[in-house]
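In what follows, chain A forms one complex with chain B and a second complex with chain C.
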Partner chain A sequence: MKLFTHNLLTSSIIKGVTKGYPLKIVSRKVEISEKEFNPELIARLLSRVEWSALCEAAESVGHGGDLPTSVPENAEKDEEFLRKAHHVLMEIEVVDGDLVCPETGRQFPIQNGIPNMLLNEGEV
Partner chain B sequence: MAAPRGSPCGTQSTPSAGGLADSSLDGHLPMAQLEEGSYLCEIECTVTTGLEQIAKEEAERLAGSRVSAERGKIAIQLQNTNALKLLSLHSVDNLFVVVGRSSVALSGEKKSDLIQVTKSFLHADWKRAVDVWKCFQPSPVEHDLECRPMDSWTRSEMCSLMLNTSQHDAASDQPSHPLNFPSFRVSCHRVGANHSFSSVEAAGYLGAAVSSYLGWPVSLRQYDVEVNLNVDNCLVCITLTLTRASLYRRNIVHFGPTTLKATICYGLLRFAEIEDGEVVVDPMCGTSAIAVEGVICFPGCFFVTGENYPEAIDRSYQNMQPRGRPADVVRWDACHLPLRDQSVDAFVSDLVHAETTVVSTPGYSARWQGRPSAAPAEQCCCPKTQVRCQLLSK
Partner chain C sequence: MAVQQELSERALELLALPEDEPCLLLDLGCGSGLSGEVLTESGHMWVGLDISPAMLSVAQDREEEGDLLLGDMGNGMPFRAGSFDGAISISALQWLCNADSKEHHPPRRLFKFFTTLYAVLRRGSRAVFQLYPENDKQLELITGQSMRAGFTGGLVVDFPNSTKAKKMYLCLFAGGTTQSLPRPLGVEQTQTRKERLWGKPPKKSREWVLAKKERNRRQGKDVRPDSKYTGRMRKGAF
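Here is the complex of A and B:
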């Protein structure tokens, strides 16, 4: 699971949860691998990203040090910033771990990089 | 090419050279633009019905020349040296090089109709068509196309060709001709209720003529060249098959019962008008066929695909390897999408297959009433973008 995908996920589907965002990450295995840098893609995806949630997620997997606390002005032209964003959004993969609902503590396991967001009967 | 004179049956057939050097064809590249030593050829591509317009647009962008579309296929005229480029088309299933097209007046008498259908093509430029065919072969083909002049064929000779056909069929698996001629078979595809002949008869007649005219040995099972005789009422077109395996098999390694052809996935994504920088979600992805095609053809987008069925998840995982692509697989229930508001630009999915599978799964049928509700999808979408769900009809 890439951190970009984590940034889109919420546990608000659980009955009784109001926001369910951002999900906490408990990681047991994280893989870093170089991926092709596409500055246009990163620049456009930035409008979808909740930046503070991303920073929190990057921090929790041990790779948050380099990120600014907010998206700078003219980010789409700032290559250095885009490379940092690319690294955090695309190159960090949580292979094994859990996503945790911030309101109920309910855990959603991640196996082989695939988070399991299926609910049980009573949670719907 | 001149029409044959003194045609024995008094019918008129006008062979065209299939676009090869026929300046009467509308819309092809002017001769002045062709590189020296090259020529125009016509390539036909089969397309899933409904995606012809998508295929036409893709081919026009790639080939830079005029493309015509009709039900189930498109025809592209381009310089022969560029023909191999067409293998990179994402929206077509198979490629064929056109040997010739003709309109034939059929009298209703079997033997004479068969002769008319066959004879008009013996003057077409087989050499050029075979040269194009050779380019598509994985290993070089040594073949010199020397043909006996056809001007002297009489009706009785054509009839005796038909008799010889049965001898060819009996020896259909003989080894290759010593002069390295390719072996061939003829497949006839016929549309029309009033033909005096059957597809098998037409294929046999053309096969006998090609064998005598070009000297190629017939092999019904282990053939090098597949010659297609397409008869649509009185329009006849002969093509050679260029693609051994269909192009839609290109992406997926691990198939499931509902895996879409790559060409259909491409068509769905084109219909959805996906743009760079968009987040595209397939909420019932099966084996992730749509996302696999998406990351190849739309590298400027991020794909998230989701499934609840464990075997489909495993197949999706395999198909999405290596994980270098901007995409992820999530296990979720499409009725309860765990996506935050305004996070998705487009949903692209094969809902028909998904619904069929879901409705038959015990425990799920109660939730589905007709089509799945689009409400969870709408919530996830950005306010400025419409929900672009793709529904396929079976």
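Here is the complex of A and C:
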């Protein structure tokens, strides 16, 4: 699960949860890989990234270091910033761990990089 | 395999995304990642959801670019509002109509699915579902719930006259300005654009025959009265 995907995920599907965001990451295995840098794609995705949640997530998996606290002006043209964003969004993957709902504490296990969002009968 | 690819390409075409712009898409029922691959090849980023761990495992082995999630569409979409530029689904939606357990209630699951999907799509974007409905009733249930959830749009049927080639795509619009349904493939156009513009009925159709008879009556000619047999299609040599 890339940190980009984590940034979109909520536990709002659980009955009784109002926002369910952001999900806390408990990581047991994190992998860094190299992905092709596509500045146009990153610039486009920036508009829907919740930046503070991203920083928090990066911090919690131990790769928070480099990120500015907020998205700079004209980020779409700022290649250095886009590269940092690309690294955090696309190249850090949680392979093993849990996602935790901030309202109920319910855990969604991540196995082989795939979060399990299946619900039990009572939660629907 | 090729069929899935064709279906995915057609679904992507029906999404009518802006040209040459990478988009973030949702692949519902992504399975082994065949449809996702088509999305990647078109330069898009995608997130796939499927209920089968086995299929997702295959997708991982194929090293698909999109992120995969194990989940049930009927539980709703676990994403922030307005996250996606579009959604596709290949041969998956009809499964929501099955009640896999006592607690499952298909209409409710469909409604939950469509309302949450509507929320996670950006205004003005589309969701295209290639599906194989078991019967008319199932199709009605699906389209009905999608409309109740706020979607507009409708069914696009490619090659409607061929049992082999016929494919159905439910093309839904998530708000935004009104859009017209895309044109289906394999449907003959009986009128030229000019004829359509003039507002004339197509040549030799029933309306054309009735209009012609009326013209002749006005000219004072002797015309047979109209009946239910007027202008009907006749088989072969008459």
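Keep this in mind: the second predicted complex is superposed on the first by the 124 of 124 C-alpha atoms of A that agree within 3 Å, B and C clash if a C-alpha of one lies under 4 Å from a C-alpha of the other, contacts with A are read in each partner's own complex, and residues count from 1 in each chain.
Everything below uses one rule, namely that contacts are C-beta pairs under 8 Å (C-beta built on N, C-alpha and C of every residue); 3 or more make two chains touch, one makes a residue touch a chain.
This is a predicted model, so every value here is computed, not measured.
Peer 1: Do chain B and chain C fit side by side on chain A in the superposed arrangement, or is it a clash?
Peer 2: Pair status: clash.
Peer 1: One more residue to check, A:33. First (chain B), second (chain C), both or neither?
Peer 2: Touch status of A:33: first partner only.
Peer 1: Report for A:113: first if it touches chain B alone, second if chain C alone, otherwise both or neither.
Peer 2: both
Peer 1: Output check: A:13 vs chain B and chain C. Expected answer is one of first, second, both, neither. What do you get?
Peer 2: both
Peer 1: For chain A, what residues appear in both contact lists, the one with chain B and the one with chain C?
Peer 2: 1-2, 4-5, 8-13, 21, 38, 40-41, 44-45, 48, 50, 112-119, 124
Peer 1: What residues of chain B sit close enough to touch chain A in their complex?
Peer 2: Against chain A, the touching part of chain B is residues 276-279, 299-302, 304, 306, 308, 313, 317, 323-324, 326, 328-333, 336-340, 343-344.
Peer 1: Considering the complex alone, what residue numbers of chain A touch chain C?
Peer 2: The contact residues of chain A facing chain C are 1-2, 4-5, 8-13, 20-21, 38, 40-41, 44-45, 48, 50, 112-119, 121, 124.
Peer 1: Quick check on the complex: what are the chain A residues that touch chain B?
Peer 2: Those residues of chain A that touch chain B are 1-2, 4-5, 8-13, 21, 33, 35-36, 38, 40-41, 43-45, 47-48, 50, 90, 93, 112-119, 124.
Peer 1: Report the residues of chain C in contact with chain A in the complex, numbered from low to high.
Peer 2: Per the stated touch rule, the residues are 21-24, 43, 45, 47, 49, 51, 53, 56-57, 60, 67-72, 75-80, 82-83, 101, 103, 112, 116.
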